[in-house]
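Structure provided below as structure tokens; questions to follow.
Letters A, B, C, D, E, F, G and H name the chains as they come in the text, with residue numbers starting at 1 for each one.
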Amino acid sequence: MQMPSRRTRILTGAAVLAAVGVSAAGAIAVAAPDTGVRAAGAPASRTAATGTVATDHLSIAAAAKAAQAALAAAQKADQHVSVAVVDRNGNTVVTLRGDGAGPQSYRAAEAKAFTAVSWNAPTSALTKRLEQAPTLKDIPGTLFLAGGAPVQAEGAPIAGIGVAGAPSGDLDEQFAQAGVAALNG
Amino acid sequence: MQMPSRRTRILTGAAVLAAVGVSAAGAIAVAAPDTGVRAAGAPASRTAATGTVATDHLSIAAAAKAAQAALAAAQKADQHVSVAVVDRNGNTVVTLRGDGAGPQSYRAAEAKAFTAVSWNAPTSALTKRLEQAPTLKDIPGTLFLAGGAPVQAEGAPIAGIGVAGAPSGDLDEQFAQAGVAALNG
Amino acid sequence: MQMPSRRTRILTGAAVLAAVGVSAAGAIAVAAPDTGVRAAGAPASRTAATGTVATDHLSIAAAAKAAQAALAAAQKADQHVSVAVVDRNGNTVVTLRGDGAGPQSYRAAEAKAFTAVSWNAPTSALTKRLEQAPTLKDIPGTLFLAGGAPVQAEGAPIAGIGVAGAPSGDLDEQFAQAGVAALNG
Amino acid sequence: MQMPSRRTRILTGAAVLAAVGVSAAGAIAVAAPDTGVRAAGAPASRTAATGTVATDHLSIAAAAKAAQAALAAAQKADQHVSVAVVDRNGNTVVTLRGDGAGPQSYRAAEAKAFTAVSWNAPTSALTKRLEQAPTLKDIPGTLFLAGGAPVQAEGAPIAGIGVAGAPSGDLDEQFAQAGVAALNG
Amino acid sequence: MQMPSRRTRILTGAAVLAAVGVSAAGAIAVAAPDTGVRAAGAPASRTAATGTVATDHLSIAAAAKAAQAALAAAQKADQHVSVAVVDRNGNTVVTLRGDGAGPQSYRAAEAKAFTAVSWNAPTSALTKRLEQAPTLKDIPGTLFLAGGAPVQAEGAPIAGIGVAGAPSGDLDEQFAQAGVAALNG
Amino acid sequence: MQMPSRRTRILTGAAVLAAVGVSAAGAIAVAAPDTGVRAAGAPASRTAATGTVATDHLSIAAAAKAAQAALAAAQKADQHVSVAVVDRNGNTVVTLRGDGAGPQSYRAAEAKAFTAVSWNAPTSALTKRLEQAPTLKDIPGTLFLAGGAPVQAEGAPIAGIGVAGAPSGDLDEQFAQAGVAALNG
Amino acid sequence: MQMPSRRTRILTGAAVLAAVGVSAAGAIAVAAPDTGVRAAGAPASRTAATGTVATDHLSIAAAAKAAQAALAAAQKADQHVSVAVVDRNGNTVVTLRGDGAGPQSYRAAEAKAFTAVSWNAPTSALTKRLEQAPTLKDIPGTLFLAGGAPVQAEGAPIAGIGVAGAPSGDLDEQFAQAGVAALNG
Amino acid sequence: MQMPSRRTRILTGAAVLAAVGVSAAGAIAVAAPDTGVRAAGAPASRTAATGTVATDHLSIAAAAKAAQAALAAAQKADQHVSVAVVDRNGNTVVTLRGDGAGPQSYRAAEAKAFTAVSWNAPTSALTKRLEQAPTLKDIPGTLFLAGGAPVQAEGAPIAGIGVAGAPSGDLDEQFAQAGVAALNG
């Protein structure tokens, strides 16, 4: 098997959002959580000869950098939030409970990050999916509330960043996207 | 008590769906989760003389075959899903977390399978029941989202197959039904 | 302190329902979960001199009798259900998982019984309260779905009986009320 | 760092409610859970020189006093309730399960207190936020039902008081606010 | 496949205990949880032609009878206990919380029943296995404490009866065995 | 049925301990958690004519008084503890998280109280029972660690008081017993 | 970074066991869960340039093959077991509940697999570590009982296979190792 | 009340350990988790005039710095670990799942941190306490395994740092102490 080049381009959440905006014209595209995203052969998930698959994850250094960037963005806006980074397998890899963040924000941030990586889309976009499929939000571990952003490597979701605690989910999501953006800095 | 012949006919989910479609004319039939289905004397649940009841379950060989068939159907359609088979008592008997399936898909597949066997109907049909009884979905362990299909033996639900991870629940349910169909192959 | 006579009159769920029907004219009465019901000095909850309060509970003999009666009513109607009796403190005291009952029915029966005793009303009546207060159903341990009936002693709720598994909650509740009725048999 | 005077003024829930009413004119202010409330330098959360932050909590004496006052208010109104006080970190510090309170009231009171301190607003006001953001209520540990009131120190939420068990959430919240008021008594 | 005669002989726990005593001579037999017990072709688990397996369960009538007998035996001895019956799949089918039983007894009874059916032996015998394998008791859901007895059909465990609340586990187990014995009465 | 006089004598934990000391001569008496304690007809649990049983509970006023006394005793000794009162059904009725108490103390106090009421003995005495029956401590919800004391009414356990957070369990238990003693003050 | 050839050699559990046997001479080697095993640069965990790490996982095809092989080995020995495969992140990827397996076996198999991959050693070897560090077994999710075997890729643990239900953990582990061996077949 | 200077001296875990070593001569001192440590008036917990108590917490900046230092120390030693920081209230404030850390390490690190802050001592010292009080380790949320270190402000525990995943708990604890040391850097 040929290994792809490792210079993975990490898309910012903003780019994802843009794509979502565009595909909103097509009505269905947002609803597709990961079509074309984890296709066989994509670098983020490669089938190896002897029964193993290699998958890309954020290094802890990168994940911590993203989380810190999200927190810093919130602090700059005088908001008190918690931040979480969840990997593609749904395991939490970094959490930061910000000074003065409400007690609900810790689990909320984790759940938003989990949701963003599960469907490879910002949670602000995903909440719109509930109009068609309102019971999606009953899947254990998910939270369909703005504030989560996916981290992608060549289109595939490799992590989610979740932020909670600001007065609105849209603010939370700006901070989450600042975290994603830091990965390309 | 006379024991029925054991050549149990296993209905495909498609057949179930058809029945649901037909009974939709009768308005109530879908809503009846298991009326006429587990009636006394039906082969899938027989009362024995000395205080025991014999119930039919999928063998692990059959359950694994069904799960693999569901996964194969998803792979053929380039979808990344998890698959679960749950028995009539609500216990999970097989799980397969497909390559690249989102982290939410594992528990979602289990819950869909649990729901399908609980009401002996595909979960796509069951979601419609929420219009009349919206709090049905608050029963612990259930998920009223397309992607689950019951396995029947002479009309009684003996297992449920759940699939999750595709862009839509309808796709998930096609794969689940491919799993059911494999039991008659 | 003078102890009240112990010939506690246990109202059937049907009587409760009637009361609910009547009070529906008053619009608010149903919504009042326990007003006038656990008033100080009522026999079901008596304050004793030295810091203790005496509360009435169903004996296990009575609770089991009620549960068996509920199950028998379901069996007579060819329905496969689970039955639970929960005491006034929310602790389950009897469960019966009927032959052929769906796996979801066990926890559903417990939750219905818990809900009925919590608000001293049949759960069919309680679901109507969700129109005014939709988040009531988010209280942990509750299930706002027909099939639960309270057991009362001099107006106070001392237990709840929950039934689940029949094609409709109304059927489930008929069986639960048969259980309550058996306490006066 | 200069330490502020410690004569923290504790606002009653009623005052908070008033503020909420006023800000309802501004449409957004209620929605802001803690803007301006936990700003850096505010006495309730002070950054210290060497990496520590000092935060204000109710003493157990004050918390117990507030809980007892809430319970007493309910008893005076012949209502049977449970009361909980939760601190700013989401940890329960006092619970009182009142005589004759329904079994659902204990966890409900905790969840209401948790919710009130999380968003620094009475839960009656917070339920209105669900119109804009219905999935807020899916955040683990929260309950968007009237009956919770925040305790504030110089504007910052330092605790929540939750009451449950009365026929209506509005009654519950009156009792919770009586608890808050006792802190200024 | 030829169906065996249904006159299943249900061994009493006493008989099991005797067998354990005897097999103690053979050193290994007790340690073998289910060797020879669930062998292929044994009536309690029959492989059917088309992918289904038929397994024997206690009917709810029989299970309730056994539970009542266990409780009656305890009451006769002036002991306050809870009783549980768990089926071969680990699902609880009957519970009875006896008058005056300690609050710990309910979950303890369930766990003892689960353990007895899991290893097809009285829990008093199983506690001895901990000498060789002390971490057996860390398996979720188990309790290695006297008071659980298996119900067998042709040697296979089809249910477990657990009793808890008496001053000693040995007493608890006598009552559990009275429950098993009632199945042959 | 003749109702006993209600002048219930509440024994202090110290008295219980003494009894335990004495009965240690009899070797078995300590091991008997509630023999003779909840016997039929004992005032703390009376069978009524029509299927109800009346049980004594601490009023919330008494329970809160006991908890406050336990906390005060700890404060007097400059110890930082949490306190819990659990009723005879295992439900927590009062909790107080003392200023500066370690975070582990809250759940520990609840578990100690639960254990004390379950076996009607101080947890310091119960830990000795583990020599004979080491797996007793695996019963869900229990903690066999000094610091819990039962509250009795005519010999029957009607509540447990648990304290945790002091440097030794023996200190914790002194404070718990101060709580019990306050009920006779 | 240079990518290693992907022809990962997967060691059988037997080989691991041998290594453990040998290193037992060195006293410390067994105790070292992953020394030298996940060293930087090892193929199973590669740091990529842009903040991502690639890790090897079993493909679902390989994992299912291993699980089926483990189950087949048990069936050949007339044993009734459950099988689980857990990936390097602790997520379950395959489960098979064998016909007639005890109800405890399902969670036990998962926990053994989790434990084997956590410490990169067969659980039979790990139980010996408890002599030095008895509280290791208190880590959530673990089970220190023979029956788990790691799957390695170039020395690093990439999965664990757990088997439970046979009369002894050693038998369970033979079957688990048969599963590992199948990956090299 | 006079506010103390805020130049809190944060002791390293090593210093704590030394103190423990010394006090081991006194036999009892180690066993005392927090005597003299959270005494009234100590800066880390001050009673304020109006019913509030001010407590010191690590700022998120300091907590993250400590966690990063612990992880860096492990990486320098080629060990793969997870790190957690838990505050004095038991709430997790930072987590870092290191590259290649075993899946058990995440929860283990949290539990070690929780334990260290609960008793204000390194967990290596606390494991020795189990000789006297073996059931201490049954307190929910604790893990008595080397690898946790307290962070102190003027003697009071304000946080705990936990590390897990290295071949021995002693190594884990070295890294945790490196995290504590960084707070004084």
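Quick note on the criterion: a residue touches a chain if its C-beta (ideal position, glycine included) is under 8 Å from a C-beta of that chain, and two chains touch if they have at least 3 such contacts.
Worth saying up front: this structure is predicted, and the values here are computed from it rather than measured.
Asks: Which chains, if any, touch chain A and chain G both?
Replies: B, H
Asks: Please tell me whether A-H or D-H has the greater number of C-beta pairs in contact.
Replies: D-H
Asks: Taking shared residue numbers divided by all residue numbers at the interface, is the value for chain A and chain B over half (same) or under half (different)?
Replies: different
Asks: Where the CA atoms of chain C average out and where those of chain H average out, how many Å apart are those spots?
Replies: The computed centroid separation for chain C versus chain H comes out at 49 Å.
Asks: Can you give the whole-Å distance between the Cα centres of chain G and chain H?
Replies: 32
Asks: Could you list which residues of chain H touch at least two other chains?
Replies: 47, 53, 55, 59, 89-91, 99, 103
Asks: Can you give me every chain pair that touches, using the contact definition above?
Replies: A-B, A-D, A-G, A-H, B-C, B-E, B-G, C-D, C-E, C-F, D-F, D-H, E-F, E-G, F-H, G-H
Asks: Sort out for me which residues of chain B touch chain A in the complex.
Replies: 78-80, 99-100, 102-105, 107-108, 111, 127, 130, 137, 143-145, 164-165, 167-169
Asks: What residues of chain G sit close enough to touch chain H in their complex?
Replies: Contacts found on chain G: 28, 31-35, 38-40, 45, 47, 53, 55, 86, 88-91, 114-115, 117-120, 133, 135-136, 138-142, 156-157.
Asks: For chain H, which residues count as touching chain D in their complex?
Replies: Residue positions touching the partner: 1, 3, 6-10, 47-59, 61-62, 65, 87, 89-91, 153, 158, 183.
Asks: What does chain A use to touch chain H in their complex?
Replies: Those residues of chain A that touch chain H are 59-60, 64, 68, 71, 91-99, 103, 106.
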